[in-house]
Amino acid sequence: MSEQLRVGMVGYAFMGAAHSTAWRTVNRAFDLPLSARMTAVSGRSPEGVAAAAAKLGWDEHTTDWRSLIARDDIDLIDICTPGDTHAEIALAALAAGKHVLCEKPLANTVAEAREMAAAAAQAASSGVRAMCGFNYRRVPAVALMRQMVRDGRIGEIRHVRATYLQDWIIDPQFPLVWRLRKELAGSGALGDIGAHIIDLTQFVTGQSITTVSALTETFIKQRPLTSGSAGLAASSDGSGLGDVTVDDAALFLAKLDGGAVATYEATRFATGRKNALRVELNGSLGSLAFDFERQNELEFYDAALPTTEQGFSRILVTEADHPYIGAWWPPGHGIGYEHTFTHEVRDLIEAIATGQQPTPSFADALQVQLVLDAVSRSAESAQWTSVEPALEPALGG
Amino acid sequence: MSEQLRVGMVGYAFMGAAHSTAWRTVNRAFDLPLSARMTAVSGRSPEGVAAAAAKLGWDEHTTDWRSLIARDDIDLIDICTPGDTHAEIALAALAAGKHVLCEKPLANTVAEAREMAAAAAQAASSGVRAMCGFNYRRVPAVALMRQMVRDGRIGEIRHVRATYLQDWIIDPQFPLVWRLRKELAGSGALGDIGAHIIDLTQFVTGQSITTVSALTETFIKQRPLTSGSAGLAASSDGSGLGDVTVDDAALFLAKLDGGAVATYEATRFATGRKNALRVELNGSLGSLAFDFERQNELEFYDAALPTTEQGFSRILVTEADHPYIGAWWPPGHGIGYEHTFTHEVRDLIEAIATGQQPTPSFADALQVQLVLDAVSRSAESAQWTSVEPALEPALGG
Amino acid sequence: MSEQLRVGMVGYAFMGAAHSTAWRTVNRAFDLPLSARMTAVSGRSPEGVAAAAAKLGWDEHTTDWRSLIARDDIDLIDICTPGDTHAEIALAALAAGKHVLCEKPLANTVAEAREMAAAAAQAASSGVRAMCGFNYRRVPAVALMRQMVRDGRIGEIRHVRATYLQDWIIDPQFPLVWRLRKELAGSGALGDIGAHIIDLTQFVTGQSITTVSALTETFIKQRPLTSGSAGLAASSDGSGLGDVTVDDAALFLAKLDGGAVATYEATRFATGRKNALRVELNGSLGSLAFDFERQNELEFYDAALPTTEQGFSRILVTEADHPYIGAWWPPGHGIGYEHTFTHEVRDLIEAIATGQQPTPSFADALQVQLVLDAVSRSAESAQWTSVEPALEPALGG
Amino acid sequence: MSEQLRVGMVGYAFMGAAHSTAWRTVNRAFDLPLSARMTAVSGRSPEGVAAAAAKLGWDEHTTDWRSLIARDDIDLIDICTPGDTHAEIALAALAAGKHVLCEKPLANTVAEAREMAAAAAQAASSGVRAMCGFNYRRVPAVALMRQMVRDGRIGEIRHVRATYLQDWIIDPQFPLVWRLRKELAGSGALGDIGAHIIDLTQFVTGQSITTVSALTETFIKQRPLTSGSAGLAASSDGSGLGDVTVDDAALFLAKLDGGAVATYEATRFATGRKNALRVELNGSLGSLAFDFERQNELEFYDAALPTTEQGFSRILVTEADHPYIGAWWPPGHGIGYEHTFTHEVRDLIEAIATGQQPTPSFADALQVQLVLDAVSRSAESAQWTSVEPALEPALGG
């Protein structure tokens, strides 16, 4: 059979479970030149990681992530930990010649992200690949959206309208999980879900955000302390209140380098909106709209049709010739959230096997980080703020 | 200015109000060769008809409908009474050389409908016009649907799926209004709303129903007696219970003469569905779907588009070049229920002025009556039942 | 019958047609203490105003709007002209003791709006009433939204998300109509449709915008010159190109005085969106969402329901006990755009007859004007900009 | 770890792939008392089955299904072949004391289904379990629908409206695959997809169909011959035309034993409808509606809410306390088609481990077969036709 790509994964919570599904499934769904092997998983809790390894299907487990990097029989490090540890792990892995898949956001600071992008660029020269896990790019409807924009189906893009709306912390009694602590998460809704719509809109439009005007808000300033969390659910441990140090919501206006103007909103306080990652693009020839709560659909308005027949069409993105769908089920049968990760590792394996740069690269992810940074600075200064160039001035000269 | 078309209306309840709006509005919205004049209205209650005349805008009022027909200064009789009186009024009006607009269903029995159609045919030879008020044909989205079918946009029609769902009598305490009494209404959901989807589907497909298998059901067998009702709202008068003598729901399968097969359902027990007149057509080249609860929209699936771009499009039927819309508001602004009546009298005035047969003619309405009759007979006999030909054998030979 | 309210209308184009429908219909639909009489209409073109008077149903017509104000037999002046003339007409009318209904936006400048609000305040003391025509407040679904917010159904409001999306000028060949010329229209999408969502969101939330960060954009800088336009349709007159001097799109972030944060977007370049006035409110107990393209519906999410049953419900706002609906049709039958104007004049007549201040008052409309002004200034300065207080400091002391 | 349930699967095409995913995933997602082991798969083509075993994850493979039954190290036989072979395989497996999971429809004839149900009943007495694979019962939204009906949330059910609409054979050039040949498939749309809506509606209502009036139609009578097919896609082999011997569409009216009346429609000619399995229930207290094309949603109308707030709510069935969802992702993230199979084998494993009868049992599936048979007989005779009792008269006495 095919040669193996031996994976070591760091972290085993929400993202770890999603990535494990992907590694376990990818070669069942797709014909690929490399076969993923789930060699080992690491995590801080000995019991936790042992249970996770058994449940998620990893051959071995450890509490020492450095040991994964040290092993000769591991080819790729998959980083599924909170953002504060991404840089250290990724840099070590790249230095050891391991391919890296790193969850988003790339890092908690621009400085770290710059270092990671530089390391990835250097590693690439010796065939080592690094990719950042913006999984929503691999929703078939989003991939189709990208393809249709590139094919000119909506012409010149004038408007981008992006929201990522959730509501999982509207209850003031919801505890202070790591995602609400700046030292671990870097930011709140902004980095967690805002990062996704920044990446996704830049991806589908092919345009980059150049300048932003932002505001952020923390509606609930203190929350019950907690010792743990799983996914987006958690409970308090009764030991008092702590300060929420991240944003509950981030809103910003933006200009893109292709001439489009945009509104962005990421919030965890949109009551009733569970995972409403929505993007609408209005172009000179048509429009496209997507809502992840209806992930198997893409809306398309074609202004070239006869006037009396124009309308937003609901494309069920479940046809065999839609992106990624050939691997799955007949028309209309629908896929789910975890498939985006399977598609992600599919493309990563393909890139590694064929010696190409997977996307989004660490450089792409750095650019998202720079936008996040501009948004934070704009919210703080209450000024329009330019997104810094990815290349440092000295290097850019 | 233009010559007048002087109207005398019989009945002033729900339909009377809708027709009055139409007569009052039609020359404001459309440029027409004749100007409608609301000459007089008749009704049984002296106080009721006086109040209605004032409120609805009729110059005069009377309790004697025959006096309207006797007047020289009335050109058209508009019949808005319950179905049991349609035949008598219409026949008298036609005999007197008055044009007639008669609410649907044309009559409560086939025999009456046949007589009316014959009278209308005869009157036509002397330039007197008769039309039946199936107003939903004049929803712009329905008119567009007809146009697109005729233009071959969905090819050969294979499936018709029609429902008319309401829920205004699900409360067992809702009283025994005239619409629930066979002697006045002829039938229940079947004639009241089933008639609309029979007419509408035959209209948009251009096919006629040939044979049906039906069932009808009366869920609530007895209801409180009442002395009055307005629109679809009413209250009991405390004088005890009476038998519901019509169907609450009518369901039937049908074959159409163009090869399509169909399901029909008319009910007043579809909890939460307020006026869900829905029709879907599936053809060899595409599909069309309509729901009156979203009356400004038409859904269209074009199977000739590239596979990856096919989807049901939501056409907002509010463009100036959509049927009837030029008379109204800019794109997206939307119109409502009463506009269908304005469109109806617009087309009627146009037909009278130009000496053409307005549609649906009494013959068309007779055909609907024949389908209703076949449905009733099928429900009673539990047999597939053919729709009788409109022409009596003796005449048809 | 009831006493009359004699109306003189200035302007007879798009808004004039809508207002005429309202005056013609209001006493047919509602029982009111005053009966509207359509006494006279004025307009600049002798032929145009004569034709309009006949078509729209006005007793008389003139080319001199001042003559309407001079007449003793006119009680109310209804201003339907472009914004540059509002102030002069309204001030003259109020000075003459006429009630005034003025289309939105109140004026083209804050200075004019201040003067108008002051005049209205003064006139009120002698029983003369002034109202600004933000008709979308009177969509039944919007009125219900206001009612539900006031009743605490969604708790404390955290997010406002408002767009008004149109696409009628995406064609670069669409000519330079008055709405695209600053000297006549004051601004572009901002004042024309942005004003509606500013007023509507302030109305439904009961909160006022305090500060904004905005950007505006003109995508097409020059367009063919034209001599006329009707509604939102127009054609070029072949005499060359002229500069578009207003915004095609206006986007802004805002903070409201009750603690909510908001995004606003008004554009005429949202291809496929015809009249997508959309507002979503997220509160601590629920959410509400509205889209004018589906004007008979309101979406409501009630976070107090059992978790497994929570969802956005589509309320068909067509029940007799919904705002304004008792005057119209049975459940599910639906109303259209012009009904909002009928509701508007209904409430105005009621206020005049009962000696109360109709809303939105000129003071309310001034506040909208101050937000528009802050948005314009913010877009120009690229700074967060506070909305000026309605009262001038000297007066406010 | 837990004890194993060793599975031997027969057939490896569309259903084989879906079942393989389920067996591979079930213990990763759910904590269960038995651990599924994918011991061996059988299929007719030596190359085909070898490739499938590798791709789908089966330890071994064979071309002889009888060898699976003969093995001591296999506990359960999973039947994923066309319907003509179900009876022989299932009977042999049950006789050998193997648990059986059999794809739907249970068999191609009532006689076979009766024999299978009898064998399953007998096997049950010695602890051997048999289940039929109506996977759509395990869509979380459908399971929730069942739960809400059982909890009385919609009261007494009056209407059932069920369609299963596909369009994969509207092209007359689509070849004569096994699903279009009566000797292999038993029937066409009726048994393939009609069976699903029969089972699903009986499941969610808790009522059984007692009598039906049906029509079936074959729109395209002849199609190109083919040698193979995969999923619902196929190509002709150029060897001429063959007769289509099954129905393209089946429509029927039905009465249920709890008093509800129903319409059913299964078709492969609903252009644009890809997998529109739709069910709506109207009850005395509310309504529920489901569409598989939006499988993560359930619509609910609660007539007990205040009138002004009633509406169909779109419940996103993705909360941790919704059926099956605790095993998957956070709210709003959504699952896909294959999850229904994972839920199916989860419940089967649970039933086997706890010694309970899994549902749907072979007796349940026989009842569906009896309805299919009644529909076929009704279509042939053009008569209302009663569903035969599951127990043969002799046994039932």
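When the chains are written out, they are named A, B, C and D in that same order, and each has its own residue count from 1.
Please note the rule applied: a residue touches a chain if its C-beta (ideal position, glycine included) is under 8 Å from a C-beta of that chain, and two chains touch if they have at least 3 such contacts.
Values in this document were obtained by computation on a predicted structure and should not be read as measured data.
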Farthest chain relative to chain B (centres taken as mean CA coordinates): A
Contact-richer chain pair [C-D vs A-D]: A-D
Euclidean distance of C-alpha centroids - chain C vs chain D, Å: 55
Whole-Å gap separating chain B and chain D, where each centre is the average of the chain's CA atoms: 42
Averaged-CA centre spacing for the pair chain D and chain A, given as whole angstrom: 36
Contacts with 2+ other chains: residues of chain B: 273, 310-312, 316
Touching residues (chain side chain A, partner chain C) in the complex: 154, 158-159, 161, 163, 165, 167, 170, 213-215, 217, 219, 249, 251-253, 255, 259, 261-263, 265, 267, 269-273, 282-287, 301, 303, 310-312, 382-384
Chain C residues touching chain D - in the complex, by the definition given at the top: 144, 148, 153, 297-300, 302, 307-316, 319, 321-322
Interfacial residue positions of chain C with respect to chain B in the complex: 1, 14, 18, 20-21, 24-25, 27-28, 54-57, 166, 168, 231-233, 273-276, 292-296, 316, 318, 320, 328-339
